[in-house]
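Common to both upcoming complexes is chain A, partnered first by chain B, then by chain C.
Our next item is the complex of A and B:
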């Protein structure tokens, strides 16, 4: 059979395969990496996602008592690193992949969380949710050692470092004095 | 079994031979990693040694990179990377260029393949290749200042590019310019996948000369990688170098990094990586077959090849969660495992794809009209293919039997059975046939990978990546061998990352294929390398009497184009 006839036969055999898109939806398999959806209630505001995001689709702004996370889908490459690093599983992939929009604002998501002050120096240093999360996780440790350092949770990293080194210095001095 | 390729020297150690011949030029020889050697040379002896290694010893030119070490060592280095595929050896030839005397002798006059690479080093790093026959710009825009070098460490990547409206690229005229017309091709052509600008000098219908301008898509990814990406996030940038062979770049980067760290990915990860690379090859070749048949006016070919391709795209989506940019291959392994139920489904898909592809291949490649349209067009001889170190299907269609999967074994390929189709025609038909049978092999390999998938973890973290290690990753992509050259840095980021995509090697050879062809064949010839271009959209007539250029265009007169 000549090739052109074979091709004709093939065309008839396989028929029409195109879909009547957009009236008919493209089938998507389970596990599709579509638009990542952020669970606003679960997010604790640690900022790990923004640190790891390769295209900077996720950005964090810290201003006085407000911590703002911005997610711009226009930049998102659906790599899923945010989902991987999130300590509280606040990200979930959706099945949505058609993100075309007439305005840029449709592609922007913003989450604002309250920040708390350091008990030492009085500067804002973390979000309230992150602090609560740390307190909750810390109390689960529930041994004497954990109890002893519990106050340090409420200090900013700078104060914590100072506090810690002072405690060390004290311990050292004491040890020397005793000997 | 490795086929016998008698004409290549395989008996002797390359480094020993170089040492014997150039005892005074070689300063130091060291083994970086298994089958990865470093030879340090005196700067002045570069062309001579490279000429011998490339042209007499048959070393395949893989890549070249310059690196800025001014801050720490007060000098630059230039590295030429050559590969001997019959031994699987990769040789890095290094020379130092001191600060203040930023010159090195160009190797291009003896080795035309180095042309683009040396031009790139000149404009991005400011190292002057003395004696280069064609030291024009390659990557940066026409108005980019001559004394601003983006790949130097002192250049900050947020520096805004200056704008100079009257800058012009110095195009060259053919040597024996009698009466000729110039036909511009691109740069933003409705059917070009990548922006590139060809200028054809035509005498009537025949192409007598070709000049090309690349670099419209220079995004400075390597700079971004050095300045603000970490080892973990870089594969996602690497994947986005190319919309077609993303996994290839991800794999080449991961391979180079893992080689530097002396790390081996887990078995299961190797199998999955291999499978992803093969899935990518299938979809890329089917895309190309569709576009190529479309370019010669055989549109049922386009429809049928893309119908089969759609199934592969769905398979990829099923396994990775995305049709393209799989995000699978990262240093340390892969990110997603393949569950049993998905594996079963994928096996079913692959079996059907194989049947559909075979019946299509049988019908399409047998078409006498298609064969006669492609036969004898865009000829590239075996000698030229070797001289220009072209890669992948282009080389294999000219009778050069190279395949990185077999020659520089990586991942699970040593455990797989596959053939590398080689043709001797050297024309577009040969390139089509090579790709068509390559696809068939790849489908079989995906099947093999799924059937023999070993158990175990898919990812183990890399404990330690030593700083200042030079490494090379070689991956056989759909378009040819992709080479990533990498120097590790101290703070969780690369010090230097040089990507040599296969088209970078293949495109400089297109003028050889084009000269003597008719204008009507230009599309399919350029397309046969794999950046695809359709028909001519506008034309410039150079009036030899006045020297003025007039543009005939559907878009109205466009001044300043030429």
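Our next item is the complex of A and C:
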């Protein structure tokens, strides 16, 4: 009996410690990485996030002219690597952590972008947004310095390699002929 | 059948049971992080017993199975035994990323890749591990007491032909 009284005394002295969670908002530490939110308008479709994602929560599917990025929250470990590698800062980590869902479908995010064709071979090789981004960045960087390489942006990596090696071979042949 | 309707019906059944929903955690090959969070939720600070949630010592006494881990081949039989031992009506809640979709070991040859490969869970609680609050939220969602916050998001750039057959 006395031990119960002792406990009661302790409890009254201590007061309420329980967090009234669903009714009361829980304190979140600063910089908490909750659900990553993808900005659909900012994403250029480079696929860097899918390459770096450790648990493959982000997957990329390339089908003809459509580039699809899928994010499954049921696998995301909130490591923040996608935010780190994203060149256009399309990811933002919200403080939302109540991700419980009754269905698997509700945990998915899907983004579909258009792909463009290579001017050399005619194969689809990158997204339209990524190409536009490259063109914009290149015009800033090059500044009239390498005008002749500007057309190479519109080529796929294979065609670009061929183009480049042919130009090199030509230059070598010329140099040899002259000497 | 819409899984949400099913969930509400099951929660109604548990309510009709007329007693507190007892839970039984089953570790199906996880790293124990989620199990520690389950223990955390019954501490006085988070106190899941406010909702009548009590950790049962056997699956035969439980109403809700809390499954953690990516369901390894070794633990598959144990998980199915626990599932079959739980009396009807029963709810299955997948706790943590491993149980939700295989998590970090989803492509390993030793795992089934999540609980939904063998049993259809009634609620998914993502997180690695989920915070104790997220766990309480998931339990309440399974019991139909709170609204779901996440919704599927989709975006399609203009010019994508929906009817075109994938190649």
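Note that the second predicted complex is superposed on the first by the 162 of 179 C-alpha atoms of A that agree within 3 Å, B and C clash if a C-alpha of one lies under 4 Å from a C-alpha of the other, contacts with A are read in each partner's own complex, and residues count from 1 in each chain.
FYI, a residue touches a chain if its C-beta (ideal position, glycine included) is under 8 Å from a C-beta of that chain, and two chains touch if they have at least 3 such contacts.
Everything numeric here is computed off the predicted structure, so don't read it as measured data.
Contacts of A:64 after superposition on the shared chain: chain C is touched, whereas chain B is not.
Of the two partners, chain B and chain C, it is C that touches more residues of chain A. When the two complexes are overlaid on their common chain A, residue A:17 makes contact with chain B and with chain C alike.
Of the two partner chains placed around the shared chain by superposition, chain B is the only one that A:6 touches, whereas chain C remains out of contact.
In the superposition on chain A, A:78 makes contact with both chain B and chain C.
Contact with chain C, but none with chain B, is seen for A:99 once the two complexes are overlaid on the shared chain.
Contact with neither chain B nor chain C is seen for A:49 once the two complexes are overlaid on the shared chain. Contacts of A:33 after superposition on the shared chain: chain B is touched, whereas chain C is not. Contacts of A:108 after superposition on the shared chain: chain C is touched, whereas chain B is not. Counting contacts as defined above, chain A residues 17, 54-55, 77-78 meet chain B in one complex and chain C in the other.
Chain C makes touch with chain A in their complex at residues 3-4, 7, 44-47, 50, 97, 100-104, 106-107, 114, 116, 122-128, 130-131, 133-134, 136-138, 140-142, 145-146, 148-157, 159-160, 164, 166-167.
On the side of chain A, the complex with chain B involves touching residues 3-4, 6-7, 9-11, 14, 17, 28-29, 31-33, 52, 54-55, 77-81, 84, 93. Every residue of chain B that touches chain A in the complex is listed here, in rising order: 229, 232-233, 236-237, 240, 300, 304, 307, 310, 314, 317-318, 320-322, 325, 327, 335-336, 356, 359-360, 362-364, 366-368. Against chain C, in their complex, chain A makes its touches with residues 17-19, 21-22, 26, 35, 38, 40, 54-56, 63-66, 72-78, 96-114, 128-129.
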